[in-house]
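Each chain carries a letter (A, B, C and D) given by its place in the written order, and its residues are counted from 1.
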Amino acid sequence: MIPALVDHLPALQVVTPLLCAPLCVLVRPGRAAHAIASFGAIASLAIAARLLAEVLDHGVLSYALGGWAAPWGIEYRIDGLGAFTLVIVTTVAAVVFPLSRASVEAEVEPARRHLFYAALMLSLAGMAGIAVTGDLFNLFVFLEIASLAAYVLVAFGRGGPAKLAALRYLVAGTVGATFVLIGIGLLYAATGSLNMADVSARLPQVQQSTALKSAFAFLVIGIAIKMALFPLHAWLPNAYARAPSVVGAFLAGSSTKVAVYALIRVVFGVFGADYAFARLSVDWVLLPCAAAGVIAGGVVALFQSDVKRMFAWSSVAQVAYMVLGAALASAAGLSAALVHMMNHALMKAAIFLALGGIVYRTGAVSIDALAGIGRRMPLTLAGLVVASLGLVGVPFTAGFVSKWTLLRAALQGDAWLLATVIVAGSLLTLLYTGRIVEAACLRSPPPGSVSTGTAEAPPGVLAALWLLAGASVFLGLDTSLTVGVAERVAGALLESAAGRWR
Amino acid sequence: MSLSGSYHYLAVVLLMVTGLYVVMVNTNLIKKVLGLNIFQTSVFVFYISLGRLEGGTAPILADELSRYANPLPHVLILTAIVVGVATTALALSLVVQIHRAHGTMEEDDIDDREGGATIS
Amino acid sequence: MSTWHLINAGLLGFMVAVAIAVAALRNLFAAVMLFAIYSLSAATLFVALDAVDVAFTEAAVGAGISSILMLATLAATDGREKQHRHRRALPLVLCLALAVVLFAGLHDLAPVGDPAAPAHVHVAPRYLSETATEVGVPNVVTAVLASYRGYDTLGEAVVIFTAGLGVTALLGGHFRRRRSGKNGDV
Amino acid sequence: MSALPAIAVGIPLAGALGIALAGRRPNLREGVTFVTGAALVAATAALWPAVAAGERPRLALLSVSPELEIAFEAEPLGLLFATLASVLWLVTSLYSVGYMRALAEHAQTRFYACFAVSLAAATGVAFAANVFTLFACYEILTLATWPLVTHHGDDEARRGGRVYALLLLAASIGLLVPALVWTQAAAGTLDFRPGGVLDGHVSPGAAGLLLALYVFGIAKAALMPLHRWLPAAMVAPTPVSALLHAVAVVKAGVFSIAKVSVYLFGPGLLSEAATGRGLMYLAALSIVVAALVAARQDNLKARLAYSTVSQLSYVTLGAMMANVPATLGAGMHILMHAVAKITLFFCAGAILVASGKTRVSELDGIGRRMPITMAAFTVASLGIVGLPPAGGMWSKWQLALGALEAGEGLLLAALLLGSLLSLGYLAPICVRAFYRTPDPASARTIGEAPWPCTTAIAVCALMVLGLFAAPDLLYRLLEPVAAPAADTMAAEAPT
């Protein structure tokens, strides 16, 4: 890369997808827009990977936008946590966008495909913005860009139900964003600054303030809505289930992860673990919510007959796992949460892609429609099974590493009950995954369907599916990229926050 | 704090709660969007209150003045207003499409029909 | 209580009354009109709080564009809200809890207008003192908007673009009767 | 040499690939199976001299994270299990060819490929150098055998497969994973080491809980009440029942328990563990109850399945008792029971192939039509009961000695009662086959099963007899495994 460009990587991370969006709209035909979106996603991944390497080598990167220094201008500030999140989001995008054209063409009408790709790019830009910014209000703005784009993407789903799901998502999301805005306002009122590092440095002077507690509550609740933390999850299942499959794959893989990032950033980065946990005992709220979410998400998923909804509910449970890890407030717990962010992103994106492939062939994803699919789409199903086994936590998949690190963290904190919950959640996952595998492999296809010969998912979708499933297996065998990085990131995050309040 | 200061914040709280209550309770989709707007506007009032400076004037520099209101909240809220209207526009187009598909804007009715559809 | 306080309290009280009326009214058309009045009072309040730019925008965008959009939507759909079987208890409890948390936080802040408030002493003074030399625009709001925090404004533009894209995707081609009005607005 | 255990695991994997590639040509495909089987036997045989000489060839393949390592190591207990599995696989392959072709089964390529993968997993369990590797291979074994259990693809197979997979996976995820995490947290390592790694790191109460997690988490050992999967798995084709549910899968279970007891807990901690006694009595109960249930089964395969549940608990019981003779007996019984039980299953399958009969009550006089098969059945029954001249006698002898040494009269009684009951449910079959008059209508058409089946049966029956002559070899091999138990006892003796 050209040296001059390297300095501007933080800005390019956001600007690249941002510029691709209007290009997608301008070029119009779906294929050209697809090419641009693919380029945007892959370029974003390259930038994110480079940023992660830079951050791990040289520490935090700061970039002053417009040349105005930190508390006065907007600062982009990338640490390990941000770069790690960026890599997660852009990886999902870079695999899903280029390879899933056939699925988009099956589910989005021709006249709107360029708009669809533009919305994907805007969503990616929004998420990238959230992960790189070091300014609270700027965080809100990018949260809204990502969210608006997500509402639009969900609305691309077929018919009235998708629109209703999008509107409910919009209402919940806007309430969440407004809560965040209130929280930011209170923080600003208490400290006079919007820059995260500056706010964080000034907080000890006002630590007794009730306004600070109130700000914390609003920020956490607002972000919890955005990440669909139980019991604020009601918008998620329908939104993911009724959106086009590609949107499900992308959002399930990225958007909740970015919200988890925001939670960790605010709780650990801005307020600091001491304030949040020792003083406010936020774990007494987060841990029960997360535990309930793990169980409730799993139980409800078990009774779904629409497989997309089943995995959307599973997302509710999996997000709860991440929060559970983070709320343990230890280095082990935090790194478990980060590891699971990465692993779940890959697995869930793979699952939704597989479902997209099945929709492409059968037009439906109810359990009944899956009957006998194992014989007709063996490779697609195998990919789905590999990813689902990861979700269960079978060894040699990334999911096992997630569960292992989470259980480790829970046991280290002597949280026996939580360890039980983690295990129970895995068992629930086993049950609903088992339903799918059994239907697909052992039940005969419904009488009316075309049952002769094999008809796999489109090659691109299949490739993307296997790329992600393969990555999840790889991350189950070599964890230096996940556990290794996550432990460093978590350590740095706790260290920087430690002692500030004394 | 004196009453003269706190009535301002009390009003903000009342507006916010009213808006949120409408969002949570009403099942008419347009009403929900209205509630969302009331809710957001209350936050705008809160921010702008932060910018107020006793004895200050609007932050437009002039030689004879020296005390100005804090311009930063104004800037933020300008952005927030635009974000709000963008959200409203999107929400309303969704409402139009929902009405087109289901023939109603009442969430209850749609849920009833959908429930019926899944059973049959 | 000075005149300023009287005007303020009056406007705020009026806004609360209007908001409750919007919540209670079942005629959606009337509710939308009242909402326009609510926005206009907010704009007036912003003038009283020395935020003229915001007031202008709120009047144009909040009271103007939003109301027009809602009226247009009403014209394309139904005008009345139906009677419902609501569950009111839980939302009420949640709202009250929220009110307590928020008021506790707000109550703890410096009074409105207090020059010693952190917001007036930390970042903002630099904008006021340096804008003239660094940016050279008399309106500090414009200077911050366009220069110090210009990046937020870019984000704002992206938000509009996103919403416009969404509206086009949803209504474009399907909504010929109203097309010009809609797309022009956003 | 140090890579040999890992290579042994890789051989059947490569074989599975070859089988999949050769799928369209049955003779080539079965040829690949035999070559792979022979190679695996050769690999395990090559390890014997070194292991007997006290070497422990070990290779760390990759490390998933600093605490999770995939490594393979050959030690006596594992070598015994690996040898057993590989030799019997070779025999089973011969049998399968006869069986599958005679019944014209569908999807034979998938069948042979999954079989090879299962063997790789079983070998992996045998050679695992730490409990994480063991667990990973154990899970793969479950997953790879699921297509075999549900091979027929009908409603019954679906139900059986559901119980099979859910029970095994749920137990391992729900109990075994927490046990592993706990072990890692307490001991700081997951490695198998002589004398155990947990001693001194956990209190007796915690050790008791942890032991219970392991014993129930390893549901493949079919300790009651987690035995339900084993009868359910009988919907599988007979070669699967024979090799997997008499050898590879269930033996992987009891072997894992033995390995965990010996190399993670160690005899010292095991005798202190709070639940140790309770688990022993549960195993004893399991021996008796399963034997009683077996006696009531008319379906031959179901009777054999419950017999397996009963016999597996002998091994669990031996491992829990943790003194020298009991440990030796547990190790030997893995081998003795496997050879005898696979013979019995082969016979059941041969009867099915030759006559279509599956019920004990239909077997009147069948011994006259299928003399080789039923003679082998009788020999193997002796092996199960533990009577000379079958090898089963030695393992039961050692287990009984172990119970005596532990001073547990009740357990000794259970061991003897279990044997008596097994005589009760196996002898009538032999009597019926040889002394009752056959149903004249069907009898004429029945002859011996195809020659590959009969040959396999004969080979196995001879092995049952041969083992009677070879206890010394096993004693010498397993002595180092039991050595820490001897040390513990020596240390306790003066006090």
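Descriptive notes on the structure:
Just so we're on the same page, contacts are C-beta pairs under 8 Å (C-beta built on N, C-alpha and C of every residue); 3 or more make two chains touch, one makes a residue touch a chain.
A quick note: this is a predicted structure, and the numbers were derived from the prediction, not measured.
Listed by label, the chains that touch chain B and also chain C are A.
For the pairs A-C and A-D, the count of C-beta pairs in contact is higher at A-C. Chain closest to the overall centre, judged by the mean of its C-alpha atoms against the mean of all protein C-alpha atoms: A.
The geometric centre of chain A is 30 Å away from that of chain C, both derived from CA atoms. Put simply, the C-alpha centre of chain A and that of chain D have 44 angstrom between them. For the pair chain A and chain B, the distance between mean C-alpha positions equals 27 Å. Separation between the centroids of chain B and chain D, computed from CA atoms only, is 68 Å. Among the residues of chain C, those touching two or more other chains are numbered 102, 106-107, 109, 117, 119-120, 123-124, 127, 149, 152, 155-156, 159, 162-163, 166, 170. The multi-chain contact residues of chain B, meaning those touching 2 or more other chains, are 16, 20, 33, 46, 50, 72-73, 76, 79, 83, 86-87, 90, 94-95, 97, 100.
Chains touching one another form the pairs A-B, A-C, A-D, B-C. Those residues of chain B lying in contact with chain C across their complex are 1-2, 4-22, 24-28, 30-31, 33-35, 37-38, 41, 44-46, 48-62, 68-79, 81-90, 92-97, 99-100, 104-106, 108-109.
Listed in rising order, the residues of chain D touching chain A in the complex are 62, 64-65, 68, 132, 135-136, 139-140, 143, 147, 150, 153, 157-158, 161-162, 165-166, 169-170, 173-174, 177-178, 181-182, 184-185. Listed in rising order, the residues of chain B touching chain A in the complex are 16, 20, 23, 29, 32-33, 36, 39-40, 43, 46-47, 50, 72-73, 76, 79-80, 83, 86-87, 90-91, 94-95, 97-98, 100-102, 107, 110, 114. In the complex of the two chains, the chain A residues touching chain B come out as 137, 140-141, 144, 148, 151-152, 155, 159-161, 163-164, 166-167, 170-171, 174-175, 178, 181-182, 185, 188-189, 194.
Considering their complex, residues 18, 21-22, 25, 65-66, 68, 71-74, 111-112, 115-116, 118-119, 122, 125, 129, 137-138, 141-142, 144-145, 148-149, 151-152, 155-156, 163, 182, 186, 188-194, 202, 206, 209-215, 217-218 of chain A touch chain C.
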